[in-house]
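In what follows, chain A forms one complex with chain B and a second complex with chain C.
So, the complex of A and B:
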């Protein structure tokens, strides 16, 4: 007698919660057969997404993003540095992803989470591949001074699709970023210009006004689970732990493929599945772009 | 076909390959995979008994130790490690689950480009050498896209700087079965067309990615023949020794 039959028989007698814990895969497959997920979503639908810009007042740019209960906080801090000799007229962007123990029961204090260096690397790869920021924009005085932007993403609640939420919060924070006004003083040092004495010091060579970065194209991502012939968009942590084949697709607003990341898994991805995933991601990119545009225009008013 | 690669290869040509297995005595299985200037040595130790905390005792677990020839274990390597971990653990675990053990592996890197494909090929060969049952034999390839949209296979470090995007692809090896008419088709596509692992870098259009897939599949079929030939000859020579 096979296990599937046994669980099939038990399912009529068992309580739903017990069935869910004992046969998680069967539990999900029963839902999938009805084209619905245990949280009530259709298969291809992402969770409710919210973006809150300017969440950290002390940072130069910040955003708090929630996708379902996955929560990410990104803050950008700007510092003046001396550019490297190889790229004298370019600034620098340092991206880091943190998973403190509060974010998930899997992460233990004192031990770094396994996922965090991977997400961190994916984030910096994606943002540099998409060329959304022109690093020349971050230059102040060629060869002398340029901006160093420290972009830190903090995972506050890890409930699946970490990279999607992290990327969304990173791009939202970048769109919120305001480069502070600076001036060069008599010693040739770069100093911050505060609003009050801006007028008084107007005769000094002010390098930059307070300004926003121009973004060329913005990357957005969607993670899908492949299980048998089903494609589940935006998985929760529970779904990710039960069905282990994930595909993360990053497209930018001009339709370019920035990244297609599939780290192994028992299910092989065929061309048709990839095409379906790309199509779902295209829709999601439109949706996320409209969310971000709405938030940004609300900030300006 | 234009031929503007510095080493005189055509766009679809991979660098000279070499694969040898059972080269280390203390390891349970080992293999080296050479692709041009890139060389990876992989050794498998295990399966061993005992589980750590947080490990599912019903699944096999793999610990990967990655040692670059020079320099520190950087971010790139972190990503490589995670890819290989995922790739092997998940690909094997159904078949593995009965060993309830732990496999450790160690890799020494001779750095150049296409590290990831090389490392995956070497570890596949080493796992086979250790006699660990695998679900698929993985074959990895690196495709690169030039600014004009041409696709070149297996770029060297020098060529890499001129490329706008890369795709590292891993495909399963075709199953050669003694049973005739085993269904190797999944839907309309053969099983070997399924992507096991995909990692990309740089921006390309979706169509270019699908072109990469086509080229990668064609090349991986050749690679898997070579891998199979190499492993096959080894197992027959061992059998003759035993007999």
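So, the complex of A and C:
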């Protein structure tokens, strides 16, 4: 800051809101010195998280996730397709992340937000590298028919930690997914079976019951901001805009590290800082796993 | 196909003059200046209003009025089959234009010169009447944003199948090929701002169908008024008044 004394004088007379807008970094640092953040959270605590499964009734699987104010809605639609020649007994999962203009004042119609393709790529990389789903489970008839699952994540409110919320909602939607029952009709084409008709069924693995996918290791993530010596977990959009260095760590339920993402930033991190982030993430993963399990068992009932 | 049974029940069990269940919620998007969710039966729509704010494209700035922009888009999963092109296609562009012109009629734009008001509407589930749900949601969002308006705009659709005027068509009834009237009114001022109709309809029957739609709009207006009143009470309570 060029003129520190001037701002000190002003700060004693100014209202809190004005100080917050004019000197955001000093505002935050005043709080960090007391080990607290402006919304009252301790440094290592994430915001309140809620998961709501089955939000979109017409989709095969869906979930609405809120982390603080950040809201993500994911829906999965399944279609039958012919598998590729290189992988005749594998289905396909297409993940797409959208940030419609309603979610944030900085998104303009016609121009996708900067964060949108970044989070989209991160999301598809994380889900495929975590091997959460075995693509062979999505196969119907080897070489002829397989499932194409379109997973669309929509951000309805962007208030920081977009990747965490997007990953959580994608994972929750996949755990909520019910594969529709299909049968082969006379022309050798796959058709959806409705519950009432007694259509003739071929010897399909996906037969009369709707099926759920068996999930192996489920990835969960936490984004932390590094600022001087502080580590802030689960930033809001305001915090992200002021302090630019963030680290995203993805762990799976068995504690294995799936991905670590630190895209530059002014703060250089020692290994100890990264290890601290991993420790906080471990805690968070346990929390998220218990939330998701609770929601899934509530759905079963 | 029979859309109204001999006992007078429609496909989803409603009477011909019965509207679907409506539900609205204000303040769904925390980052927006004003936002609302509006549900009409299975049709769910979110509207967010950003503004008045500085005009992004200086060349479009109007020195005497506010600039109103609107974008309508549907989520990929909102319809039965997954949509390939959720916005930029002709239908979405047309609906964006319709919603913009409808809302422009009720916003007091001369009070906010050189500024921009953005109305974004996102359809999460589409089951007929998306245009109407979007307009109703936009009205609530504008009220939540505190933008000065002449009156609400409420909208409802009506049709004519099996020789019966029907109120608030769902997707199946809408795609039956019969006439589909969408009406948008300013309820207090008793003026029509939006009136669209497809297919053929004899003029004497048009009167009936239009009257039915107007009553639907007035019912929605009283519901919206209730919601806004409750919202204001909540705000007063939180402020400690």
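The rule we apply is simple: the second predicted complex is superposed on the first by the 285 of 301 C-alpha atoms of A that agree within 3 Å, B and C clash if a C-alpha of one lies under 4 Å from a C-alpha of the other, contacts with A are read in each partner's own complex, and residues count from 1 in each chain.
The rule is simple: a residue touches a chain if its C-beta (ideal position, glycine included) is under 8 Å from a C-beta of that chain, and two chains touch if they have at least 3 such contacts.
Worth saying up front: this structure is predicted, and the values here are computed from it rather than measured.
When the two complexes are overlaid on their common chain A, residue A:31 makes contact with neither chain B nor chain C. Contacts of A:289 after superposition on the shared chain: neither chain B nor chain C is touched.
In the superposition on chain A, A:73 contacts chain C only, with no contact to chain B. Once the two complexes are laid over each other on the shared chain, residue contacts for A:154 go to chain C alone; chain B is not touched.
Contact with chain C, but none with chain B, is seen for A:102 once the two complexes are overlaid on the shared chain. Within the complex formed with chain A, the residues of chain C that make contact are 28-32, 35, 42, 46-48, 50, 53, 56, 69, 71, 73, 75-77, 80-82, 118, 120-122, 124-125. Partner chain B is touched in their complex by these residues of chain A: 106, 114, 117-118, 120-122, 124-125, 129-131, 244-245, 247, 251-252, 255-266, 268-272, 274, 278.
Contact residues of chain B toward chain A in the complex are 54, 75-76, 78-79, 82-83, 86-91, 93-94, 135, 165, 167, 170, 172, 186-189, 191, 193-206, 208-210, 213.
Interface of chain A with chain C (complex): residues 56-59, 62, 69, 71, 73, 75-77, 79, 96, 98, 100-105, 108-109, 150, 152, 154, 156-159, 237.
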